[in-house]
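Two complexes follow with chain A in common, the first pairing it with chain B and the second with chain C.
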Partner chain A sequence: MTISLREQFGEFALSADQGRCLGEQVREALQGGEVSVLDFAGIRSVISAFLNPAIGELYGTFPADVVDDRVRVINASPVQEQSVELVRSNARRYYHDPEFRRAQDAALEELFSD
Partner chain B sequence: MAQCVDIRRERVSASDRFLLDTNVALDVGSPLGPASPQRRPDYSAFIARAVSAGARLYVSMLSLCEMAHVLEREAYRAHHGQPPASQDELKRFRRESGVREAATARLSNAWQQLTSFAEVLEASVRPDDGTEIITLLRETHLDGYDPLLVLAARRAGIASVVTHDSDFASVRDIIVLTANRKMLL
Partner chain C sequence: MPGESRVAPAIGIADNARVQYAHQAIEDEQAFLSGSGSFFRLRRRVGEVAQRPGPADHVLVGDKRTAGVRFTHGFLDCVHLPSVCFQVGRDRFRCKKGLSALSAVSERLEPIVCLPREADGYRRAVSDVRSVHERVKSPRRGRRRRSRVGNGEQRLVSESRYAMAAVVEQLGRIDLTDDGVAKLIALAARLDALPEAAVTVETDFAYNGAFAVLEALRLRAAARGTTLSVRMPQGEYTRPFTAVVGFGCPGSGGATTIPIRRFTADDSAAIGGFLLDEWVRRARRLSSVECQYVVGPVAEIFANGLTHARSAVGVLACGQFFPAKEHLHLSVVDLGITIPGSLAAARGRREESIDASRAVAWAFEPGHSTLQTSRGLGLAILRTFIRESGATLRVYSGRASVRIHGDSWEAHAARRFPGTLIDLELPTAEVRLPDGRERYD
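And then the complex of A and B:
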């Protein structure tokens, strides 16, 4: 299954809600054993707030090698590719290293402790 | 006191201009804590609405430096399982092999994400800014660096700051857009 981000969200993939919407589609595909190809053609801006629920959170449900193999990205710019890879590597560790997870949650708590 | 507005209810138009504070920049631009209950989806939802409406968003170079600081502390905490007990520990950590490279790669990526939808606000400082900074620190609850952000916003004619930091509620003549319930009571 190929999903065009441009068709679904326009040129900007910015919100966690949009990311969650994409994540749900990918989750269903993974449950059916399908490969999801996320097409970034025409996307001007994509941010971690979008990528975390779209891709990162999948690592909390499925084995890391399954997500690595079956969630693919095409036509992304070098920066967008790096953003995806940072979200992937962070999520892999976040869901499998309790100490790392505690550290990140604590860092965010500090950031928003107000 | 600032005028505090619930970011979930703010209507945005093409003529609006907003400055994003560092906490919001980090929330939307860093991959930290994908499932953390601390994440604040209201800010990314607002940014998407603002961009869609044609409003202009800004980030400050000051935020880039603050983000570097936060990401370095987070990396230390992830590596050692606890925050640095002293500045010396943090300094030793940043000299370890690969630490600086990894931290700057993450910082650079976050900054490029932000500047793909927001403009960078000039952070010029003038020789006589000291008096105004001290006045802001005396009259508000801002921390030591944030007066520079307020000055930069004022100079650029930007009245609205998007932040989770309740200190900004104590600044006169600005509009604070926030999801922080403390400021919305």
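And then the complex of A and C:
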């Protein structure tokens, strides 16, 4: 299944709501064993707030190798590809590295004086 | 009222409960004003009348600073009355919440009313106003202000509904410095303490981001019946401030300024269009690819504000391009939950209990988010962009005041900003596309 982001969301992928919408489509495809191809052609800007729910959160439901293999990106600019890879690596770490979350929590707790 | 004089009064006082305004030119438009917005509209009506050409057929009672209404002495007579409740003819025009309101705003309460010069009540009104004013003002040491007023005036005050605290805040220069932001913070606190007031900010100069803050404050204050206007050497602006941006920088012209925009929803097209087509395009030396490279990290600021702040006024932004320095400037402000406040709330704690500047530093680390999901990249991406582009970022959020430039991170003590203000200064000559290395580790 190929999804054109330009057709669905316009030139900009800057909204978390749009990301959630895309994430649902990809989730259904993955559940059916399909490969999802996300076509970034015509997208002028994309941000992590869009990519996290669209791709990153899938790592919380499916094994990392499944998402890596079956959610593919095409026609993305180098900067956009870099953002997608960043979201993937952050999600892998968040969902599959408990130590990362513990360290994050501990760092946050240290900020409080009471 | 119509028919009471040669020229119908612009403003009439109808009864104890309502203010009625009528004008000859708009006889069909007579309307009754009531509720918290009434004074607001009354003042606007006075402003409209004050700008009409023609003979001086009305008197304006109040200070010329009152309500931000522009008028000339040749057109309207002015009687300076710094603080008073007063009576006009058989009707009464008074302070709304009794003497507590008077004491709250002290000497700065400046009621305003407009009467036809020929109206029977005119001379008596002025006389009454002065009389009541003198009695209210006459000091009797050791007694509360309420007791200084005779029974008649006491009733006037206690029954009153309409009042206006006309306050002028002189802020001087509002630069993009901690001092400049401190002035805005103080103004925000002042507005919070003055419900249903007319506040005029006098400033010699305000950087464009200050107007984004002022516009946000204006929107928040308006919801509570307070108006905010700005008086600058170039003129006086009541609303909106979108037209003001750029006036603070003589010579820059409108071509380099990016007027204030307000975003209330997570709207991709609006935010992307603003950043790419209105903001970054001003820097003509940047290619379209470079523009797209710049916009991505900067758009994260908007997403962060709209996701976490839940600001009642939304997220406001404006900017400017400085051709001589080739610097592109952007200010983004919300008046919602601060970054330290958001972190504290996620732990069920009070904002005061968190180290505000360190909280901002925590939020800029990759993967750090209060949302229980794989998030927390937006500000980290912005941080990396700042480091690589030579830009400077200033963040004011709650009690946090942070300046980020390159690898340096400076935190300053600051008064509490009632939301988050992010100022970005980007030297466009230094923008380089990433070279492909892993940028965010």
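Operating definition for what follows: the second predicted complex is superposed on the first by the 101 of 114 C-alpha atoms of A that agree within 3 Å, B and C clash if a C-alpha of one lies under 4 Å from a C-alpha of the other, contacts with A are read in each partner's own complex, and residues count from 1 in each chain.
In the analysis below, a contact is a pair of C-beta atoms (placed from the backbone, for glycine too) under 8 Å apart; a residue touches a chain by one contact, two chains touch by 3 or more.
What you see is a predicted model, and the numbers here were worked out from it, not measured in a lab.
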item	value
Which of chain B and chain C A:83 touches, first, second, both or neither	both
Partner chain in contact with A:17 - chain B first, chain C second, else both or neither	both
Partner chain(s) touched by A:106 [first = chain B, second = chain C, both, neither]	first
Partner chain in contact with A:7 - chain B first, chain C second, else both or neither	neither
Touching partner for A:52 - first (chain B), second (chain C), both, neither	both
Doubly contacted chain A residues - partners chain C and chain B	10, 12, 14-18, 44-50, 52, 56-57, 59-60, 79, 82-83, 86-87, 90-91, 94-95, 100, 104, 107-109, 111-112, 114
Residue ranges of chain A touching chain B (in the complex, touch as defined)	10, 12, 14-18, 44-53, 56-57, 59-60, 79, 82-83, 86-87, 90-91, 94-95, 99-109, 111-112, 114
Touch list for chain A against partner chain C, complex	9-18, 44-50, 52, 56-57, 59-60, 77-80, 82-83, 86-87, 90-91, 93-95, 100, 104, 107-109, 111-114
Chain B residues touching chain A - in the complex, by the definition given at the top	23, 26-41, 43-45, 47-48, 51-52, 70, 73-74, 77-78, 81, 83, 105-106, 109-110, 112-114, 116-117, 164-167, 180, 182
Sites on chain C touched by chain A in the complex	266-269, 271-273, 275-276, 289, 292-293, 295-296, 299-300, 302-304, 307, 343-344, 346-347, 349-350, 353-355, 358-359, 362, 365-368, 373-378, 381, 433-434, 436, 439-440
